[in-house]
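Structures incoming, each one as structure tokens.
Two complexes, one shared chain (chain A), two partners (chain B, chain C).
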Partner chain A sequence: MREFARYWRSLRCFWGTSLAAELEYPLNAWIELLSVLGNLAGSVFVLQLLFGGGPQLGGWSWSGALVVLGLYTLLDGFTTCVLQPNLSRIVNHVQTGTLDYVLLKPIDSQFWLSARTVSPWGLPGILAGFGLIVWALLNRGPGAPSGLPAAGPVLLSLALLLAALVILYSLWFVLAALSIWFVKVWNATEVLRYTLVAGRYPVSAYPPALRLLFTFVLPVAFLTTVPAEALLGRGSAIWALGSLLAAWLCLAGSRLLWRYAQRFYTSASS
Partner chain B sequence: MAGPIIRASGLSKTYRISEKQPGLAGTIQHLLRRRHRDVLAVDGISFTIEPGEIVGFLGPNGAGKTTTLKMLTGLIHPSGGELEVAGHQPYRRQARFLRQITLVMGNRQQLIWDLPALDSLRVNAAVYGIAEAEAQRRIGQLAEMLELGQELRRPMRKLSLGQRMKAELLAALLHEPAVLFLDEPTLGLDVNAQARVRDFLADYNRRTGATVLLTSHYMGDITALCPRVLLIHQGQLFHDGSLADLTQRLAPCRQVRLELADLHPPEAFAGFGQLEAHQGHLVRLLVPRAQLAERVAALLERFAVVDLEVSDPPVEELIGGLFRQRDSSSEASQ
Partner chain C sequence: MSWAWRVARALLGSQYALMLEYRAEIALWALSGVLPLIMLGVWSGSGAAAAAGLSAQQLSHYFLAAFVVRQFTVVWLIQVFEDDALQGRLSPFLLQPLSPLWRYLAAHLSEQASRIPFVAVMLLAVGLAAPGLLWLPSAGALLLGILAIVAAFLLRFLLQVLVTTLCFWSERAAALDRLLMIPYLFLSGLVAPLDTFPPAVRRLALATPFPWMVDFPARLLAGEPVNVALGFGAIAAWCLLLLPIGHWLWRAGLRRYSAMGA
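Showing the complex of A and B:
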């Protein structure tokens, strides 16, 4: 319990100081807001083109696809808030040798590296994603149940969203941790971020080969499609279990890899 | 604590490095089939350090100082030998061990660049689980010793190098460690700032009884702070003792500098000692310690001496000379 209190106090200090540092540059907020709105408008436009051929795409309705897009926007906001600012620093720590200071603190080094800072500039994305989901659920068109879903699907989709966040975090952390061996892995994390853009649209909208890739190799399906299906009341127990299992595996894998990687850390020479 | 606080026995570290030939062909070969070579950075060194000692760690670049320091702090695994610091095996990096040590590196910062040091200090207090009030008390005390005041409230980027180093020291000592590892803590500081950092370290050691292991390129740091030095060269411990002993060991001679009223040819000094320099009226001789008095008396009798000075040769020159000598002899034997 005392350990938990120490970590909680550390986290509050981490985020308090990093918000103070970020707010030294307030212009960023407006730029980020514009970029989120621009991206969102572009995606909605593409979706509208796709749905021009008919009311269904890979078994998904227009409003269902908007829920997926909303979830993607939300995850992207989370990435900007937490993943990007922290995990992109790991490479830097390895290159400059300041990882030494992290490793010498009496606190879990993965916790420090993953939670040291927070950036407020992802908040517009999180809010926009949330708004789009609510709007899409309220406007499901003729034939579909209207209004907000019941508590059951909402809770399930929240659990799956949490699983999605864990998966995304673990993948990103693993790539960043590889910098212990390869030092310059920043490009690899960029590739990851752009692959995840595929999560903007329902997985079933892609050709079968890509569908397999996005489910079993890069778990894009678990990030947006699976929580969206739960929210729309179409969740299946197997997919839900698979999602939670995938999250647990990814997190455990990232911790194992980090422990292993530290043995190879030689620290930058002075 | 009874017994030594640091105990190293047969400590060694081998790095595996890959080698690349220059040029495109070398790069392709490097990609396809890497050639590895083992480099022995630290070669079986043994020493013990008692609680409260200040020990200087000397050696040229690449001697294995930093590697040893990193093994002592637990950042890298030793390849062989035994090591115990504050009752722990460092490489396991247990929280109880980490709370007892600190590392300060003159060329790397831990404080946040854009924020005042006080913000970073709050983070450290939280991480080490120091209560707010206690942290405030310690910050106040250390700030007074370091002569830091309003500087702690200014963003780090606005501080001078010397002020930043003092703030780094404060951050490194907030958890009251028992063992301080300092890697070039005065790097790049001007003479005044160096002196203040030295005074602080001596004062801190006196007040808290903390053990200090210090590396520095500035001989001034070592002579001012360290009654004992460990001299490491090519991964091996060459000397463990006082700086005076080291000087005596490296230089069994004293340096005699003469300013003469008249000009004399170099041959005139044969029999008085080894002629080191001969420029007009200025002459420098190396004289064995045992015969110093009689030789100086003879010099005064033989020449019209305007000025005379007897000193130890500068220790940097002695160490530098020793290493050049050993490097060339080891090259010759290869």
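Showing the complex of A and C:
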């Protein structure tokens, strides 16, 4: 318990200082807001084009697909807030040798590397994603149960969203930790950003081979499709359990990999 | 002339050697260009392409071509330039009797050259996974397509030079590139063929430089009917428009540049 309080205190210090530093650049808030709105408008436009052939996409209705898109936007905002500012820096630490100082600190190094800074510029994305989800749920069209879902599905989807966040974090961390071996994997984490774009659409919209890939290799399905199904009241026990299991596996995997990677860290220029 | 040849050879040679050193990174970069392939997956599952009059084969040819075009028109000038300006590496470059932009251009060309094997491997993987997808364009289409890719790359590079010069005024100009990325992503034909756009949006898109960067070379490679003269003309016109603006901004920025920390 004392240990937990210590980490909580550290986290408050970390985030307080980084927020103060980020707010030095107020123009960024506008750029980020514009970029979120532009991306959202573009995504809705493309989704509309995809629905040009019929009322369904991979068995998903228009509002269901919007929920998926909203979840994607929300996760993207979370990435900008926490994952990108922290984990894209591991490479620099390895390159310049400042990882030495991180490892020497009397605090868990994975915690330090993952939570050292926070950026407020992902908040527009989180809010926009949340707004889109609520809007899509309220406007489900004729034939579908309208209005917000009951408490049960909401709680389930919140749990699955948490699992999605854990999976996303682990994927980012694993890729960033690889820089211990490949020192100049400059922006390996950017690759994730571009491949996770697949999460903008329900996983059943893809051909079967890609569906398998996005479920078992790059678990995009668990990031957006599974929480969206729960929110639409179609959650199934198998997928929910699978999602939690995947989250646990990913987190444990990232932890193990970090322990293993540290053995190969030889500091810069040695 | 021989001076230009010597400089070009030295720059390209050294940058190519540098890029080969980073081949793991370049493999990852090549991998990050899979967006058109992902979009091919979504589009082939939806009936929207057929409704717009595109057959399954046309669709797959288009997106595979767009994938190749995207691989060889990636521009990352602004990220590197911002870092160089902030870290003070730009100052020694500026002392040399050659604009630093040539150095960056050589770096981009070398990176593309070192990308070729990775792109070939990825295309091979696509061919193995779905044997019907690959095709060989006719010699004429291939030649014109490659020319169009080079022209599209130059246009994109020039456009980013414009934004890059803002690094002289702001420490975080790279954030602006994210804004430039949005119309590029949605209007260029990278995520949806222009044929599926509503007519009004399509006209609007064609009035911007973006469709000429992906849609035009991709259609050439895919063997779609396309107005070759109009395409190259549009790229040339945009280049002629952007070149003086970029030149002027670069000069104005240089006058303002005072090296970080000075």
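Basically, the second predicted complex is superposed on the first by the 267 of 270 C-alpha atoms of A that agree within 3 Å, B and C clash if a C-alpha of one lies under 4 Å from a C-alpha of the other, contacts with A are read in each partner's own complex, and residues count from 1 in each chain.
Definition applied: contacts are C-beta pairs under 8 Å (C-beta built on N, C-alpha and C of every residue); 3 or more make two chains touch, one makes a residue touch a chain.
None of the values given here were measured: they were computed from a predicted structure.
In the superposition on chain A, A:T98 makes contact with chain B only, not with chain C. Applying the stated contact rule after C-alpha superposition, one finds that A:W135 touches neither chain B nor chain C.
Of the two partner chains, neither chain B nor chain C is touched by A:F216. Looking at the shared chain after the overlay, A:N39 reaches chain C, while chain B stays out of its contact range. Looking at the shared chain after the overlay, A:Y206 reaches chain C, while chain B stays out of its contact range. Residue contacts after overlaying the shared chain place A:Y260 against neither chain B nor chain C.
Between chain B and chain C, it is C that contacts the larger number of residues in chain A. If you check the complex, the residues on chain C that touch chain A are 21-22, 24-25, 28-29, 31-35, 38, 41-52, 129, 170-172, 175-176, 178-179, 182-183, 185-186, 191-192, 196-197, 201. Touching chain B in their complex are the following residues of chain A: 2, 6, 9-10, 12-14, 16-17, 20-21, 24, 96-98, 100-101, 103-107, 112, 263, 265-267, 269-270. The touching residues of chain A, counted against chain C in their complex, run 25, 27-28, 31-32, 34-35, 38-39, 42, 45-46, 49-54, 57-58, 182, 184-188, 190-191, 193-195, 197-198, 201, 205-207, 209-210.
Those residues of chain B that touch chain A in the complex are listed here as 15, 66, 70, 73-77, 93, 95-96, 98-99, 101-103, 105, 107-110, 112, 114-115, 119-120, 122-123, 125-129, 183-184.
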